[in-house]
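Labels A, B and C are assigned to the chains in the order they are written; within every chain, residues are numbered from 1.
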């Protein structure tokens, strides 16, 4: 990018103020078709993303429906203070971050692993069946998944609990067990989403030039060498892209799932920022505080995306830009 | 994977892979089976078994009769199909037209635009302002309201951009030589049958993956529309909707696929094969081969 | 004149897509010379969000039924509702005031706030009652319990003496719901045993918040006791709302709480009784009060208000006046009959004050058309007695009548009937959530209520509960409920 700019600037030969502006004009002119192509998409972002973004100002206001977004009273950072001064906030933040990091480690990596395993399968029929079957659960809602989990783990009627009781004579209540709550989130997420998450890597894998493997075999490279030298580099960029984006949402620990799985006995380890906002919204219709939380999460997320992208480029990856 | 002589450890690994995939497959198959069984089990039997039936003793089609007894669900289904097909088509066209130019690193406005787009993945004004905009653009109470506000999936666009970035530049140059403008080049690359006329092996390879990309894109969006409608229903409880309506980014969100290696770094200096990452190198070799040069067919980095 | 309404309706109810089948809409449009534009959604969070969005988009309906948790207070304080003073009067709504709501009730309902919300007529009869498997009692040779001690004995017998005679120890005494593990719930008779009556109330000229009262210590101790004795369905805490009824229907437990009129009636095909009978034909649920003659709840307060858009009231007050006429008609005998039982002669016959229903015609013209009367009956509860009507439902059995008679004997306490407001900026959600979390902890981990006063103190200070209840009391004083 830098070199290209340099060349363009150099050939322009213009001086003064024009010197900085002209290359852009020239760039626009030279690549007019490329820029024109982007117009519909850019218009979409302007209209349906940037215009509504004005709504974010209610994070700094006391939103009043009668006065509207613009007419409401400014309150500065009061809404943020409300959030941060909640006696539960430290616990909420800790749970959110922990669960989020766990998810990155224990749910992003299995996606890749499943794709790699499927990639090793030579029997196409087997591969196809496993692929279609494993992403089935993705389309179930968390409500249904919890219903299934409940029928296995309910303290009295659950299949597993019943079996355990018959074996050991003791009752077991995993759903209300503090130590088991986070693993339960990860296991069910793994079960539900891994098949789907693998597909994106599979597509990347399928576009790897098969001749590379041929060449590697001729070279005498074994299975692990092929994996290391051909397969993994083939999915590296996607993995990094997904990682950057995931890091940006680190303050989302998965509201839909947690809201449904949470109960009062595991609040201590499972209550997250979003469930707090939700409860508050339910009782009090507090748009301003909800927006303030969203804004806070977005700012942190954006900073993290910028840093992650920079890091990725520094270590030789391509990053997003 | 290319067939080679299998060692014992290979066989053990193979067994392990087949075994664990079968296990995981069965574990994920179960809910589909479960939902299907529940839909045809009489309520009394469900009750008797505490809501958990593995094999129904009697079968009832009552639930299905109920669904189709009024025109509400068939109608909803019809709208879903229309929105999915139309939405996917529009989505694909606009997303491609955005992703392709953004894959060109020489565009001076590329980075600002990309940052601006990623920004929208994180910041959103919420449901009410979006509703106001949808209403102001005259989409209220039309199918457009279901399609236009999600016209571009940023996630898909980024993946597609990565894919374009890794296309070998030779392909495009060939198109340019043929006198194609940017748009035509794009069409030629995106529409494989046209591009295939070039007879370039590399492109044929790409074409396979592109077909894969396209079909996946269709499948994905079809499914994601479905998933979104389900999600919308769950969302009644979500702060997410209030905070970030229309935001696409979530773990395992709707996604297109089809990305390959870091070819772009290599493309800058195609004359030095050793500095190329693998695929660019192979293509380069094939070009060289066509030009009658003898090449060493070593793959992988040593 | 065209009017837009936003109503609430059951999840599976819908107006017929063929408008010619909607005889209510036709009747209203003809009678009042209006064109109705009716939107509806199941009440609750989605309903609230949708209306908030419409308001923000300056697109508010002319009239809507508010279903938010705070009874529309937020809207009233935010200047989007019309002042009802000129519109809702005893002169403009004679039926509404004659049959359903007294001016005094309306005044209490406003509390300290301006008159922008008016109560939708609501069910004043209380249907909160415990139900017990009479056939199990008979098998074990027991009587219907009349005191808490007897009730406890019955629970023990249900758990240990194999009431269903299947040779397995697989039955429990009581089952309830912890709302998917969110709280203890208020179904336990142990509350009443300790003098705490369902819903908050004014006692000895003081506001009593049932859930955070000091007597919760005793309640928790008693709940722990029945749990430790293994008399309660162990899944109770995680049961979803409604799942306890399923458990009871599966023959897992012999006592459960019901709060609606048709909870165990034969005439309701999805009632506890109907579901249980599918598995156990001899099953018979009867209503009873384990506390003898003590009340099980306070009188109900008005719930959802109807409100008008301020914009409409300013620009087009005629619309509001016409809407008020329509609403009052809905509260009249004529409107009530049409929106609950259908067309006279077709869906029911009438002789004097005796209404005889025709279930087949009702099924074909109403239930099979999306059960659309469920949308139109938004303004009145199904309580024909206010007009002195006697309704004969051929599907109702003698047993059903018996149950309704025994529920009618359970006494209720007077309520205060007003909407209380938390102080500005108060985090009610965190307060209640913490309270529930700690109570659950006491039951399951401490297995004793002795630490409740300590936790309660924390709730009152750290989570500002004292401020909340002081505010409530001052509001009750302002209106005159507390002297």
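General remarks:
Going forward, a contact is a pair of C-beta atoms (placed from the backbone, for glycine too) under 8 Å apart; a residue touches a chain by one contact, two chains touch by 3 or more.
Fair warning: this is a prediction, and the values are worked out from it, not measured in the lab.
With chains as nodes and touching pairs as edges, the resulting graph is complete, every pair of chains being joined. Chain centroids computed from C-alpha atoms place A closest to the centre of all protein C-alpha atoms shown.
By number of C-beta pairs in contact, chains A-B lead all other pairings. Per-chain CA centroids place chain B at a distance of 47 Å from chain C. With centres taken as mean Cα positions, chain B sits 15 Å from chain A.
Centre-to-centre, using mean CA coordinates, chain A is 41 Å away from chain C.
Annotation for chain A: residues touching 2 or more other chains are 69, 157, 287.
Residues of chain C in contact with at least two other chains: 45, 52, 56, 252.
Shared interface positions of chain B, defined as residues touching 2 or more other chains, are 50-51, 128, 132, 237, 242. Chain A meets chain C in the complex at residues 64-69, 82, 86-88, 150, 154-157, 171, 173, 175-176, 260, 262-265, 267, 276, 279-280, 282-285, 287.
Across the complex, chain A is touched by residues 45, 48, 52, 55-56, 68-70, 74-75, 78-80, 178, 180-183, 233-235, 237-238, 252, 310, 422, 425, 427-430, 432-434, 436-437, 440-441, 444, 462-463 of chain C.
Residue ranges of chain B in contact with chain A, taken from their complex: 1-4, 7, 10, 13-14, 17-18, 20-22, 24-25, 27-29, 31-32, 34-35, 50-52, 94-95, 97-98, 100-102, 104-111, 113-126, 128-130, 132-134, 137, 148-149, 151-152, 155, 157-159, 162-163, 165-166, 181-183, 186, 205-206, 208-209, 212-213, 216, 220, 223, 226-227, 230-231, 233-234, 237-240, 242-244, 246, 249-252, 255, 257-262, 264-265, 277-279, 282-283, 297-301. For chain B in complex with chain C, the residues that touch the partner chain are 43-44, 47-48, 50-51, 69-72, 127-128, 131-132, 135, 236-237, 241-242.
Touching chain B in their complex are the following residues of chain C: 14, 17, 44-46, 49, 52-53, 56-57, 59, 246, 249-250, 252, 275, 278-279, 368, 370.
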